[in-house]
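Each structure below appears as C-alpha cells.
Both of the next two complexes hold subunit A, though its partner changes from subunit B to subunit C.
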Partner chain A sequence: MTRGITRREFIRIGVVGAAAAVLTGCLPPRAWVVLEPYVRPPEEQLAGVATWYASTCRQCPAGCGIVVRIMNGRALKIEGNPEHPLNRGKLCARGQAGVQLLYHPDRLSGPAQQTQRGTRQFKSLSWNDALNLLYSKLQAAGSATAVWGDSTMSGHLADIFARYTKAISAPAPIFFDLYTLFNGYSVLSKTNQQLFGSSALPIYDLAHADVVFSFGADFLSAALSQTRYGVEYGAFRSQPLGKRGFLVQLEPRMTITGAKADRWHAIKPGAEGLIAQAIASIIADQKLGSVERQTRAQTVAARVDVNSVAAASGLSVDDLTNLARIFAAADHPIAIPGAALNGQNNVAQAASAVQALNIIAGNIAQPGGMGMSASAPAGLIKPTPSSFADAQALVEQMRAGRIQALLVHGANPAFDLPDKIGFADAVKNVPFVVSFAPIVDETARYADLILPDRTYLESWGYDVVAPSFGQPIVSGQQPVVTPVFDARATADVMLTVARGIPAAARALPYADEVAFLKETVAALGSGAAGGAGADVLWARFQQHGGWWQSTIPAATPLQSKITAPITVSSTQFQGDEKEYPYFLHLFLSDLLSDGRGAKLPWLQGSPDPMTTIAWQTWVEMHPETAQKLGITSAQVEVGFQRGTLISDVVQVTSPFGAIEAPVYAHPGIRPDTIAIPIGQGHTDDGRYARDRGANALRLVGAQADATGSSLLWAGVRVKIARTGRQISLATFEFTPGVTRGFINAAFPGQ
Partner chain B sequence: MAKTPHREWAMIIDLDKCTGCGACVVACHAENNVPIQTEQEIARGRGIHWIHIERYWEGAFPRVKANFLPLLCQQCERAPCEPVCPVYASVRSDRENLNLQVYNRCVGTRYCQNNDPYKVRFFNWFEPVFDEPLNQQLNPDVTVRSAGVMEKCTFCVQRIRRAEERALAENRALRDGEVIPACVQTCPPSALVFGDLADPNSAVAKLAGDRRKFKLLEHLGTEPAIVYLKGGESNVRA
Partner chain C sequence: MRATMKSFRVRLIAFGIFVVVILLLAGGVFVVQAQAQATPQQPVPFPHVNMVQSGIPCLFCHADAIRSPTAGIPSVEKCMGCHKFIATNTPAIQKVADYYQRGQPIPWVRVNRLPRFVYFSHQVHVVAGALNCERCHGDVGRMTEFQPVARMTMGWCLNCHNAQPEADRLKDCVVCHR
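Then we have the complex of A and B:
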C-alpha cells in the first residue's frame, strides 16, 4: 500500500462532511485498476509477433551493426546488433532515427527528369525510359564521366562504380563529404602513413587507458565512431578494481566530451599542436616519466620555448608542466587529435605532434593505447574518403568542361562545400548531371535526372568497418522491408547500364547486385557465425549482420618512422585581426552531424545537448562578449513551467561571407571565440530541413592546407553586428535553469 | 490475468558515464510514439520528450563545468502527481512500483503537471502530427495520445508486459536484464541500468547501494524509483 497522502485522504481534505462520506464510499479505487495503461489494441486486432532483421547503419561512415524490429511488414524500431563487435548492441541518436529516412514523406517515387536545372520542375519518367536516357548519356560521355560518392556508400556499390570507371578509362570515383572532411579522415590517414607507414585510421583503446588527453576531439559526438567511443567511455570510467580513467580536454569551446572531462582547458583556437609539442618538449627537458619515455621524447620532441607556447595557447607554464607530468606519469596515457586541427593551415604538423605523444607514451598497438584500424579483408572495398584537394580538382575539371556526365550518389557537394569553391558555377559546364538522392537535396537541384536510390533499410550491401577496433569486421546490409517508394538500387541501375557498354560489360558480368554480393561474401569464408558453402555463408552473413572472426588477432606491431623532431608552425588566421576581432569555431552538430540529419524530425526536434536548442542555428558566444556587444538574450516568463529565451539575431561576417543567426550565451566558450554548429541552412532536402537556420560554411573560403588533405575551415576570423531583430530560441531549458540566473547576472536589470 | 510476483522496477543512472549524447531521447521517441513538436511550440515551452538531458552549468569561465542529467518520470512511490488527478488517470501500481497514466481516463485538467516537481509530464495541446508515411513507423504496442491528454514515461510498460508474458509462456521466472526500456537498451556507455529492486541479486539492487547514490529532490519525500549515481570523481592524482 502506498504510504503518505492517498487519493482518499486528498478528497477528504478537499470535500466537506457528508459529501466526503459518499465519495469515500466509492473506494477503494485500486480495485478497478487494470495494471497497465491503455496500450493494448482492441481485442479483435492482433499485431502479430515482431521479427528482427540484422543490417548496417548508414547515418555515418562508422558501420555499426543494427537490428530492426519488423511487424506487419513495417520497420518500427532500430536497435544496435548485440552480436556486432563494433557497437555491441548500442546505438547513437542518429542511428535510432534511421526509420524516419525510410518513411520520409518527401522521398521521390520513381525517376524524375528536370527540364531546366534549379527550377524543381520535375517530369516523371518510367524506369525504362530513365535507364535508356542514362545509358545513352553515359555512352556518349565515355571516359569524361565522373562519380562523386560519399563515405557511407556500401562497399559493393563503391566497388561497382570503381570497376565501371576503370573499365571506361574514367577517373576513379571520389568519396567526399563534410563528415569526413571535418573529422579529418584524410589527414589522419596521411599522418599515420608518415609516422607508422600505415594509412589506416587510428583507434584509441579508452577502455584500458588511465589518462586521456583530447586535443579538441569530441569523440563522444559526431566523430569517427560515436557509438563505439560511447561504449569505450563507459568502460573508461568504470575499470576493474574501482579504477577510473582521467580525461583532459583542450578546446576553445566546450563540447559534450569537454563537459565530461575531469580537467577542461579553454585553449586559444589553433594552439592544439603547439601544446602537444610543448608537452613533449617538457617531458624531454625535465626528464619526466620512465627512462624509455624520456628517450623517446628526446628523439621526437622539437624543443620549444614553453613561455611562448604558454602565451600562444592561453595556458600557463604551470598548466603545461602539470599536463606533461600527468601524461608522463600515467600507466596508459593516450593523446587524441581533434576535429579543429583538421581545418588549420598547420594540420599535418599539429596532427603529427599529437600522435607523437602516443609514440612517447609507448602505447602504440598496446592495450590502453593507440592502434590501427584493421585492414579490409581481401577483395572487399571500403570507400576511402578523398582529400579536399581531390574534390577541388574534380570541381576544376567540371569548370573546365572536361566532365560530360557527373553521377552523384549520397554526397551533397552543393551543400557540403563553401560557396567560394564554386560548385554551382562549375556544374553549369557539365552537360549531364545525375543524382541518386532519394529526397531532392541541394545537389539534386542541379541534376538533369534523378534516379532515387533505395534508403539503407531497403538495400543490400556491406560495409568494411573503419575504424575497426582490433579485428576486421564486415557489416552486412540487407533489406528489412519491401521498398516503400518506387526506388531502384543504384547498383542494379549501374549493372544494367553497364551491359550496353562493352568495356563495362566485361568488367561487370553480374545479373544483379545480389549475385555480385554473394560472390564477395563467399570469398570471405567462414567467420564467427560458422557454416560452409556459398549459400550457408550468405545466409549466416544476413542472419548475424555480417562477418567477423570469433577471436581477435594479436595487434600488428607498429614502428615509429620518426627520425627528426616534429615542429609545429603557428596557426595562421584568415581575416585581419582589427577588422575581424573574433575567432570562428565551427563544429558538427551532435544530432544533425554534417547536415544529413537535418531532414529527420526526431533529430531536428530533439534538444542539442549543450544548449538544448532544437530546429535552429545559433551563434555561441561568451556572455561577457555578448554584453560588450550589447546583445540581449533574456528570459521571458510565459507559463508556469517553462520560459522563452528571446535572443538578438546577429550577423556574423568573415572575409568570405556572412550569415545571420540568434545568439546563445554559452558559459563554456572563450570570450574571443564565436562558435556555430554545422548542419542547418538547407535550401532543399525535404520539408523538415528546408529554409531553416543558416549554413555556417558560408563563412569559409576555398583554400586548402599545404598538403591538400583539408580545407582551411578552422582558421577564420569574424566580426559580429546586431541586426536589430529578435527571435525566440526553441530551447528546452527550464525557467529556473541557467538561462535565467546566468543571463540576468550578465545583464543586470533584466 | 495471471498472478505475477511483487516487483520494484527501478533505474540506476550513472551520471559519471552519461555523455549527454541524446541516444536515449531519440530511442524513446521511436519506441513510445512520442510526437515531435514544432519550433514554435518548443519555443513556447511545449516540447515533449519523455526522457531528455538536463544540462547544468557549474562555476564560471574558465573553471566552468557542464553536468548532464537524464530526466524522466521518477516513478515515485509517493507521487505528488497522483492524488490531484480527479479521474484516476494518474494511478499507482504498488505491485510493480510503477506510476501509470491511463490515457483514456485523462480529461486534461493538467493538475498532475502542476503538482509534478520534476516537470516530466507533458500535455498534448494539439492532435499529434505524423506526416504520411512516417506514421508507418508507429509502434503498435503503444497508443498514440490524442489532443488534451497528458503523457509521460511509462518505463516502457509494453516491454515489461512482453517479457513477463514470454516468461509465463515458458513457465519460468523473469531473468534480470530481460526487461530493458528503449533508453537503457541504446545507451552507448551503459549509464542507464534497469531492473527489479525486489530481486537482491539484480544489477540495480547491487548498484543502488553505491556510495555515490542520490535521488532527485529527495527532501520532498516522493521516494523516486530512479537512483542517480553522482559523477566526477577520480582516483588519478593531478
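Then we have the complex of A and C:
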C-alpha cells in the first residue's frame, strides 16, 4: 500500500505553509528594490518603455530574423521578426535562449593569455598588449596561418578572414562544425552539383506538397532550417479546402518529425538509399503514376531486386509497393534525404537516390517540390560549410607542423571531432593558437591567447540566408545592447592587425567593421524597405532586420544531369557483427544541437521532445532489447520517489571507444538499434555544460566517405554492457500506468 | 465519547490555525502600512529643497515623466553635469562623484510604491491630466528628506478619478488593472 500523508501531518504542513504564505504575501514586493539609475544613459532608451531591435539569430546557420526587447538597456526577450521572410515571426527554443549567452556568467572579460596550454591558468592582459602579440605572431607566421571558423560566422567576418588569408597567400579559411556535418550541408551541395549542376542547398516547398517522404529527415528539429520548416509544416497540414498533407517517415529511431508522421516505418539503419532506389524501380517496373513519371523513372532508376531490398531494409515487399504507389499517384510528392544518410559510406549514392525521386516526381523547381536556395547577392559572403576532408586535411597540416598560427572562431574542433582524428595531438605542433571564444571551450584550452569576441546580440554583421526559400535574403545583425563584457569584435581585431601587414592592409583598407559593413549594405541597393543613399539604406537595413526584395523572383528552371541510372551499394558498417551486435544511431539533440546549446541552462533544462529527458545523455533502446540484456529501466511505483525513472547505466563500446550513459527504453526504435543524442559530454564551455553526460562522438572513428564530404558517423556498430550502477533520469510527465499504457496502445505488437 | 473528544480536538486545532492566520495577516498589514509610510535612508542624502529653491524644475531631472510610464531617476552623469562645479566640497557630493568615477549607479531606495497589479503612467497624469507633481508627491520643494505623503491606495486614486469630468471612464477597473 502506498504511504499517504496522515491528517496530523497535513495540518502541520498546512499551518507552516499558511504562515509562510501570509508572511511573504503581505510584504510589499518592492520593499527591497533599489532604483539604479544609469551612470551614463544610452541614447534611444526611455525608462519604463521597451525598445525592440531587429537582428539575426546565430544559434544555428539558418539565419532567422529576430527582434529583441530591450528594457533599460538590458535584453529581456527574443522573438521572431514578423517582417523577416524566412521565419515570419517564429522562433525556436534555441533562438529564445540567446539572452543567456549574452549574460552568461562564465564569459571572459578582456583578453587572456594561457602560459601553458591546457592548464586553464590565464593571465589577463590589455587589448593593446594582446593585439601587439597577435600582430607579431601573425606577421611571423606569414602564409602558414590557418583560420578555422564555423557555419554561424557573420558574412562580413568570413569576408574579412577570406580577404586576409588571400592577401597573405595562406589557405582559405575553413568553416567546419558538427551541425553542418550532421545535416550534410557539404553532401547536399555536392549531390546537387552532380544532379543539377548547382551547388546550392536544396529547399523543399512542403506548404504546397501533398505527400512527403522523409528518409529520416528530422526537419522539425535541429535540421537545416527548423523554424521555417515548422512554418512550412503548418501549411502542409492545413491546406486550402481542408486538404491535409500526408507525411511518411522512414527512420530507425522515432524523431519528433516521425512522431507527427501519418506513417512511420522503422527501417534498418543505412537502408534509406536502397528504399529510395526500390521505390523508383517499382514505379518504373509496374508503370505507376503518369506516363512522364514512368519514363523518368525508367531513365533514372536502376532496377533492383525488391525482395532483397525488403530483406535489407526491414520493410515488406507490400510496404515498398504501397509506398511506390502513394508516391507515384500523388499530385505533388516530395522526398527529403535525412541526416543519417550523411554519415554512411554510400552517402553520395543514397542522397542522389532520394533526390532522384524528386526528379521522377517532376517537382524540381516547381511549387510543392524541391528547389534550390537562392544564391547570395553579388559581393556578399556566406561561409560555405567545408567538407570533412577539408577539416581532416587541415588537421594533418597542423600535425605536419606546416601551420604556424591557428585562429579559431566560433568552431570548437576539440569537441566536434572524434578523438581518433587526433586534433589534440595535431594542435601541439602549432606554435601559436588563438581562440576568439567568449566562453572558454574545449578548443580554447589549447589556445595560447583568447581574444573574446562579442556575442551575436552585441555584434554587427549580416547573414546571407541559406537555405533561403525562393528569394535572396540578407539578414542584418546589429548590437541590441551595449557590450556587457570587455570583449572586442573579431572583425575589428583583424582589421587592426591587418594594418601592420602591408599585403593585408591593401586588401582591407577599412577603419572598422561598421565602415566595411556600410559599404557592403550600400552595394545591395534598395530592397523591400526602400530608401536611397548609403546612410538611409544602412538605417533601413538595421530597422527592418535585413535586405530582401518585395517580390519573389520566379524559380530558375533546373535540368537533371543524370545520364546513367543511380545505383546504391549497401551500407557497410564498422565493427564486426558478432562482437558488436547493435547499430549505433547518433542524432543531434533538438535543444543542444551539436553541443553549442549545452552552455545555456534554459536549453539544458528543456526536456527533449521525445523522451522528456533534461540535463543528461541517455541511450535509447527498445524495451525488448533491454529485457534481453537484463537492463532495467523502471519507475518507482511507491514511496517518496514515486514516478522517478531509475535506469541502469550501460557502457556502450564501439571499435573506436566507449561511453557510459543510462538507458531509456521505449518502443519508438528498432530492437537492433540504439540511439544516443549528441550535445553533452563537454569538458569545458562554461559551468552548465562542463562534466555533464557523455560525448557520443567518442564512438566514431576518423574515416571519411569515398567522396570526402562526410565523416562515417552513422555506419558504426556497438556492444552494450551493464555497469551495475543505476541512476535516476530527469524525465517529465511520466506517471506509472499512464504513459506506458499510451505507448503500448500506440504501438500494438511492439 | 471518543468521537466527540476527537472532533473537539479537531475544532480546537482549526480554531488555533484560524487565530494564527488572523494574527499573521494583521501583522502583515501592519508591516505594509509601516513600510509605506516610512522614510527610507538613502545612500546619499538628497535634499530636494536645495534643488527646487535653486530654480530647477522637477522635469529637469525626472525628464521621462512627460513621455514614459515612469518618471525616471536621473543618471549619475546628469548629477555630475552640475556638481562638477557646484558644492564640490560637501561629503555628499563627493560621494556622488565617487560613484561616477567608479562607474557605479547610486542605489537609491524606492520611496513610493504601487502594487504590481496596478498600471500607472506618469505620462498621462502629467500631460493629459495636467497635474502638478506636488498633487501626489506633496511639497517636495520643502523636503530635506524625500518621504511619501500619500498612502497611494485605490481609494486615494478614486477620490481624484471620481471628481473628473470623465469619471465614468476613469472609474472603469481596466483603466488601472489591465
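One rule holds in what follows: the second predicted complex is superposed on the first by the 681 of 750 C-alpha atoms of A that agree within 3 Å, B and C clash if a C-alpha of one lies under 4 Å from a C-alpha of the other, contacts with A are read in each partner's own complex, and residues count from 1 in each chain.
Quick note on the criterion: a contact is a pair of C-beta atoms (placed from the backbone, for glycine too) under 8 Å apart; a residue touches a chain by one contact, two chains touch by 3 or more.
Computed from a predicted structure; not experimentally measured.
Colleague: Touching A:330, do we find subunit B (first), subunit C (second), both, or neither?
Modeller: Only subunit B is touched by A:330; subunit C is not.
Colleague: Which partner does A:71 contact after superposing on A: first (subunit B), second (subunit C), both, neither?
Modeller: Once the two structures are laid over each other on A, A:71 reaches subunit B alone.
Colleague: Just subunit B (first), just subunit C (second), both, or neither: which does A:378 touch?
Modeller: Touch status of A:378: no partner.
Colleague: For A:49, decide between first (touching subunit B), second (touching subunit C), both and neither.
Modeller: After superposing on A, A:49 lies in contact with subunit C but is clear of subunit B.
Colleague: Mind working out whether A:554 is in touch with subunit B, subunit C, both or neither, as first, second, both or neither?
Modeller: neither
Colleague: In the superposed arrangement, what residues of subunit A touch both subunit B and subunit C?
Modeller: 29-30, 33-39, 41, 47
Colleague: In the complex, go through subunit B and note every residue touching subunit A.
Modeller: Those residues of subunit B that touch subunit A are 1, 14, 16-17, 19-23, 25-27, 29-31, 36-40, 42-47, 49, 52-57, 60-62, 64-68, 77-78, 82-85, 88, 91-96, 98, 100-104, 113-114, 119, 131-143, 154, 157-158, 161, 182, 185-191, 221, 232-236, 238.
Colleague: Using the touch definition up top, name the residues of subunit C that touch subunit A in the complex.
Modeller: Checking each residue of subunit C against subunit A gives 13, 17, 20-21, 24-25, 27-29, 31-32, 35-36, 64, 67-78, 99-100, 103-110, 113, 115-116.
Colleague: In their shared complex, at which residues does subunit A touch subunit C?
Modeller: Subunit A reaches subunit C through residues 11, 14-15, 18-19, 22-23, 25-31, 33-41, 46-49.
Colleague: Would you tell me which residues of subunit A are touching subunit B in their complex?
Modeller: Subunit A residues touching subunit B: 1-7, 9-10, 29-30, 32-39, 41, 47, 71-72, 74-80, 87, 89-97, 99-100, 102-105, 210-211, 220-221, 226-231, 233-235, 237-238, 242-246, 254, 256-260, 262-266, 322, 326, 330, 484, 590-591, 601-607, 609-612, 614-616, 622, 638-644, 667-671, 687, 728-734, 737-738, 742.
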